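We just call them A, B, C and D in the order they show up, numbering each chain from 1.
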């Protein structure tokens, strides 16, 4: 065995049970948890500190101008995309490249639908009503958190599209490696989904 | 992964966009040393204003332009920029990249017998993102209004209303944070997954352990600062009020364009949640280097190796729950301050344990006073001073008088300047032969060491007295206060110490470049060390080891009774150790 | 190697001594930068003068901690230097492989921990509670509102009625109404505005700290009082001055370009002078343009 | 150094007593002159001594300084108002005017801005000097121009800081170290402006024949306007009146 070959890039490490990439993604997600954790803490900190009444008071119900219906629809779309992501991985695992790629494509389309709804029906609508990040602390945190989340979704879409398109070459060279990468993407995708599951209630419902 | 791997890569692939951890380590090292030097130069400029407030700076006063130093006299805003950028550059562009990016990257994979980092491309990316962050920071000096001038802590609302340099600072910080995150993922995976056969966790050199804990700190502590940076960017660019309460009146003008409803303290919580673990990011790898050098030069196993590791892990955990001890003066109640003061006292215990273990390791050793060893030895008392002076600052009542005075400056500089930077020098002298295949000249090394040791104490020791006298930090001119004017002579002394310290680095700079070509050529293992990096050729080729090593013992098997040599390397079988003469 | 080391030490020491001596001399020839009122008290290299009732407790704690630190460091340093001399590498000396089994380190670590606990629980916490959590009774104390702004301390006294007038951010004018006092509030009529902090001696003082713009820090070095002033918050501090004289108020938190010049003076005086000052400070003299000098 | 102190003192004196903005570049023949009249109770606007005890160095340049918001010339009849910016507001059409090469100066002396109200043309250079033995922090509070915020330590009577401004309605400039210190700047696209002197008079010169709207601005009393018709090189006279409500 040549000293230059990195061990455990594809096969899992006997002790940790993870290949390098998967381990790396888990660690990356840990840091993402801290990132969004800090933002959620900000939300709590500012909401606790907000006065009961007055212009700086925390908005509720109608005042938020957020429709739980649109938010709920987006939640459904994201959950569905998580399911198709898993299905894609399962198909690749079963050596079924065509179907796997189809599910990947569905995932990407659902994600794009999410972002489109977000921008077209939520952001654009609010900008139209002159509700911008500087309107109040609530909208500041709304735009920042959902914006950062939307960036994560877009990043995910780029990665998924890469694996549908140019990245698919890897399937022919090393199927296991390719499937592993889809698994890592899936982990990330589920995390982004999970963040939304927290975001939705704190912004739309509470 | 076949034979075509061995073809000669192009110059750019080999030295610029290289994925080899050693090249990246050297890139990090050179860049970070340059930034370290730049940060030091900024400080030397500030020391002029401090020692001779309002006087024209001789010789170089006129080159900084009208916006910074009209007529050679430094303006307060430029002084504040220098202060903020000195801190930022030293910590985020100098010391951390050196300790983690350079030493961690170069030495750690060698010490665990790995051919490279787990994700070589990610490694390259983290260097280049760091580089971009550095360029952004440097560029910010040239934007109108100058670089960030709200202190390296960038407390809002001051930083929210500061000049454009602050926005650049935030972008730079986002780059540096991203780079650190990529690096830390890579480090953890590499250390956990790529150890060679036989190298169990408790056979790892202490340096690798320090890197592991450091990476966890970076991984978990940096994202909140990234979040805080994003929030401050929103405040500055989108006009939000995350850190701004209602009814701000800046320069007599009511700020009606902001909604209010935010909290200035929010930033401090998010910032110090990072910045306290950051302190341990600065010190743990330094302790790792010192441990390596001490074990090697006492020719004796480290005393309390396991206790040190447990202490390090404990430090890592505790560092996440002490952050608010930087905020005792923000109007904190008795209960919360008692909680954070208690955790602060608790976190001092593992530091004491590590320091004690290192000094007891000297006992019954056979101490070789090599240049790296001198730096490592000098590290110990100075780190002790730094640590001990943290005690009055950690007691909320004593902190009332000492908070935000020069005492604080003295305290943390003793930890990071005579502490960490001496450890960095120890590391450079120790691993230089591995990187280049040549030794650094030891006469120049001794001169460098003794002068640095004396002058660095002249720089920082007076600060404790200044702090005692009540002089606040970040003052452009302390003589406006009676208590500041009374101790101005200490400032002068400190300044002269700093300039002399600058001169004392000249032998090192000469040594560093000349020895690359003219230094004494050495074998793979010039220090007769035991850890795996000394098995690889000097300098190690791409892929590091000719054959994958197997590890048979712990990292510091020096002076084993019955062995033929006074060191038993980790990779040599027990039979070979006792039979080969 | 040995010779170069000796040369190194000798040269470094020589330069070090040559350096410290003139720098101190140079430092002392510095002229005082401010011509103004003389500040009372003897300032020097140690702790500055202390003129408040509770300040001594802070000083005592600082001094005790420093004795403890010195003892610890000296003990540690003696062992360190002993090791360096006794166990240096030389012919015939070999390092021992087995670790020493001394219990000293463990006991000393436990001792350090115990003493730290004593410092924290026995000394620090009671002082903190007294100076930050248990305000003096409102009725006995002199009440002052301290309003910080870039780069000035504003002091607001309630006047004879003992009530602070209402203030509002939109009424602030840097020249006419620095505090933003509401002219329609009857309580505001007798309020006194000053840029110098005058306080009666031997009477507790409560300062309510607020800031108009950024974070400042209200630092009364001689009172051993320091408290961040945070916009959007009102934070009280209290102390009892015990010695008459003129002292300084400093800002201890970077607050912008001219942070260093954010200095005010504090005058501790007897009740009578304090009352006279309160009467007189608000009086505005007419300016006759013909008397221009 | 001595010499420069002398020139500075001279500059300050000139600025204090005989300050008139320069307007030489216009090529027309006509002039408008007049007075700014104050109708009201002068006792409601008494000047007061400013307490400069915060910075003892202020007194080194000038012992006493007085408030400058409202300066009424009580000796004349009717009473006139100093530091009023008078300018042509309408009637110039789209004509562009060359920018005066002359530098404007503003000096900080005795912890006061001299002059207290400054008018200039867009693109004209403005030099800010410090005649005090102390540090000033000049903070511009404009809407259109850059919000300059810089310091000027001790006695900078030679170099100063030179900046160029864009046209803008009068805006405030203040010192962040000495809160009582402020001044106003009015910057115009054209050269037809003046600031009333001690006697409360102004002169606008060099405009072509035509009908103009002139505007007077005072920091306390706001704006008043009047219409003036000029032709044939005759000096037109137009007084404007401020009548603050009691």
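Going forward, a contact is a pair of C-beta atoms (placed from the backbone, for glycine too) under 8 Å apart; a residue touches a chain by one contact, two chains touch by 3 or more.
Keep in mind the model is a prediction, meaning the values are calculated, not measured.
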Dominant chain pairing [most C-beta pairs in contact]: B-C
Chain whose Cα mean lies nearest the overall Cα mean: B
Between chain D and chain B, distance of the C-alpha-averaged centres to the nearest whole Å: 54
Interchain centroid distance [CA atoms averaged], chain A/chain D, Å: 60
Where chain A and chain B are represented by their mean Cα positions, the distance between them in whole Å: 34
Whole-Å separation of chain centres (CA-atom averages), chain A against chain C: 49
Multi-partner residues of chain B (each touching 2 or more other chains): 54, 76-77, 246, 251-252, 260, 263
Set of chain C residues in contact with two or more other chains: 34, 149-150, 174, 256-258, 261
Pairs of chains, among all present, that meet the touch criterion: A-B, B-C, B-D, C-D
Complex contact set, residues of chain B against chain A: 1, 5, 114-116, 118-120, 122, 181, 184-186, 188-189, 192-194, 219-224, 226-228, 230-231, 234, 238-242, 246, 257-263, 266, 269-270, 273, 542-548
Residue numbers on chain D that touch chain B, as the complex places them: 135, 139, 141, 146, 149-154, 156, 159, 161, 172, 174, 176, 179
Complex contact set, residues of chain D against chain C: 46-51, 53-57, 60, 62-67, 69, 71, 135, 137, 149-151, 174, 176-177, 179-180, 182
Complex contacts: residues of chain A adjacent to chain B: 1-8, 13, 16, 18, 20-21, 23-24, 27-28, 30-32, 34-39, 41-42, 45-46, 49-50, 55-56, 132-137, 140-141, 143-144, 148
Residues of chain B touching chain D in the complex: 54, 66-67, 70-71, 73, 75-77, 144-145, 163, 251-253
